[in-house]
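Below are two complexes that have chain A in common, paired first with chain B and then with chain C.
Right, the complex of A and B next:
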């Protein structure tokens, strides 16, 4: 079954698009089929429990049931590998 | 001859010449032919999308708001269309494309000469600088002075990002970043001054606040409604229709269309963002390989700071404050709308500067909002003209378009300086130099303070 990946940033626009660009590569390199949804932080609540992973462009204090990964590494390029490993681990 | 060719291309309209320029820029930055073509055309499609949605605002939203403000006897003649559509206006002229190249080259030079540690690869948000340049081009008719004004805004962003980098990284918790954003960074100097004043007032002392929790219950529900453009559009649309005393079908229509506008604009703008991402990535790669041994900060959108709980909760609190000030503030003509769901962006730097002290952040935000509204009201006639020139008409005759995102001193200050007869351009160069070297001095002072502080411990 296809996984559901939700990427969230402040406005669901600029930074989440940059993360999405990298996530698409990561997923195809690891043969993971997924629907990617881009949204804002305020709307994350609606996907809680339904999505397989939340990737946010900022640190958030979360009590979501869906696992949250902090994806700012995709913006800065620092420690990208560790985050990729974490994401692949959750989705595989 | 060259001027004729440029004029010919510009006369083709923004949907034609902007993709061509972006395609060329893509090639300059080393994208393959097809990737550059796709990037350029995607930006053009975004511009077409914003233009199509803007007919919705001009035909549905604009009339109902006009009737509403007349009934309420308010002087709110300028509709806040939101930052996204404003980005389309910024990139809808050749100034936007040229500034991408000029600012990136300047950034490389400044990094090379160790005048900045920030690399601004947040190309999408260069639209702020393009608007500053666009205003100056309208007012002075000089392309060169316009570029100079846009550069002034960008340099302010870089230096404020440098000065606030360490604090940003600490409060937000992301390493090696800074925020050279054309709005957020411009709000920092005011907050820095206010922060010094708060230090003298015991009420504003930093407490050990362990209340960094997410909002619960009612606050969470309110956040979900007012922070979501869809719901906010429905609510505001219904309110507009009711106050304008439309009949029931009329109210339902304007309710749906307002929600449509609020949701469709950002989706169209997403295309502009997507078209610019390959250029951002190329620039990032260039800096990473050419300056391997330097500790550089990746300049990012202020969106990365929005997750802070203080920013989220104070942002929500500011939504009614925007509305109240819009109604009562003398000289304000801005009707807050498109930027309302993004209120957190207006307080995000206060959180950083005040080290997440909630009371300081609230007071600073309340002081800041009237300034935002005054500047966005001042910008309204210029922005309306600039949008028209880009083929984007957001409003009907007799009304103006603006956005609260224009309400920052990085747009206002260079525009005012540039208008000074004869010496305007020289003063702009002087401002750029003062900002670069003055900023450097502040950084040096801070780093010595930090080292001395460390020794004491």
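Right, the complex of A and C next:
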């Protein structure tokens, strides 16, 4: 079954689009089929338990059932490999 | 849409400002003068910055990419300020942390026609090791635009 990946940033507009662009590459390189949803951090709660992973640009304190990965590495290029490994580990 | 490029008219080199508010106001005026945003955009950006800040530490220093979802955006564009002296922004990754930012890119993103190439280009720049250093070496707006456009 296809996975559901939710990418969230403040406005659900700029940084989530940048991260989405990289995530699409990572998923296809790893043969992971997924629906990607882009949203705002405020609306993340509505996807809890329904998505396979949350990727956020901000560190968030949460008790979500869905695992949360902090994806700002895709913007900065710092520690990107470690984050990719973590995401692939959750989705495979 | 493939017609995005950085314009000298939307660039401040050696911008001397007291704080992020002054910087955002000046950069928003550039976007306004070029018909990309309406007069309220700066307010929308400043209030969004308080809740979801946009400072990012990258390999070569720190940069901020303020922007807001706003009905006052009429087109896609980036106003760039190369700061004479860094100003403080809160960090996108950790909103309690403050970072000294040397470059500000105020984004105007049209919701109906999001300019993905613009965002991809900025992302490519951010992860480039010597990016901020290279930008700070340039003196004229034309040279800065040329350097930014080399990432397209």
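The rule is simple: the second predicted complex is superposed on the first by the 92 of 92 C-alpha atoms of A that agree within 3 Å, B and C clash if a C-alpha of one lies under 4 Å from a C-alpha of the other, contacts with A are read in each partner's own complex, and residues count from 1 in each chain.
We take it that contacts are C-beta pairs under 8 Å (C-beta built on N, C-alpha and C of every residue); 3 or more make two chains touch, one makes a residue touch a chain.
Remember, it's a predicted structure, so these values are computed and weren't measured experimentally.
Once chain A of one complex is fitted onto chain A of the other, the partner contacts of A:85 are absent, as it touches neither chain B nor chain C. Once chain A of one complex is fitted onto chain A of the other, the partner contacts of A:9 extend to both chain B and chain C. By the document's definition of touching, of the two partners only chain B reaches A:45; chain C does not. Once chain A of one complex is fitted onto chain A of the other, the partner contacts of A:74 are limited to chain C, with no touch recorded for chain B.
Of the two partner chains, chain B is the only one that A:61 touches; chain C does not reach it.
In the overlay built on the shared chain, the residue A:24 is in contact with neither chain B nor chain C.
Comparing chain B with chain C, more residues of chain A are touched by B.
Common to the chain B-facing and chain C-facing surfaces of chain A are residues 9-15, 17-18, 21, 41, 57-59, 72, 75-78. Against chain A, in their complex, chain C makes its touches with residues 48, 51-52, 54, 56-59, 65, 67-69, 92-95, 107, 109, 111, 114, 116, 119-120, 122-123, 126-128. Those residues of chain A whose C-beta lies close enough to touch chain C in the complex are 9-15, 17-18, 21-22, 41, 57-59, 70, 72, 74-78, 80.
Those residues of chain A lying in contact with chain B across their complex are 9-18, 21, 38, 40-43, 45-46, 56-63, 72, 75-78. For chain B in complex with chain A, the residues that touch the partner chain are 83-84, 122, 124-125, 172-177, 212-214, 220, 223-224, 227-228, 266, 269-270, 273-274, 277, 280-281, 284, 288, 298, 300-309, 312, 341-342, 344-345, 348.
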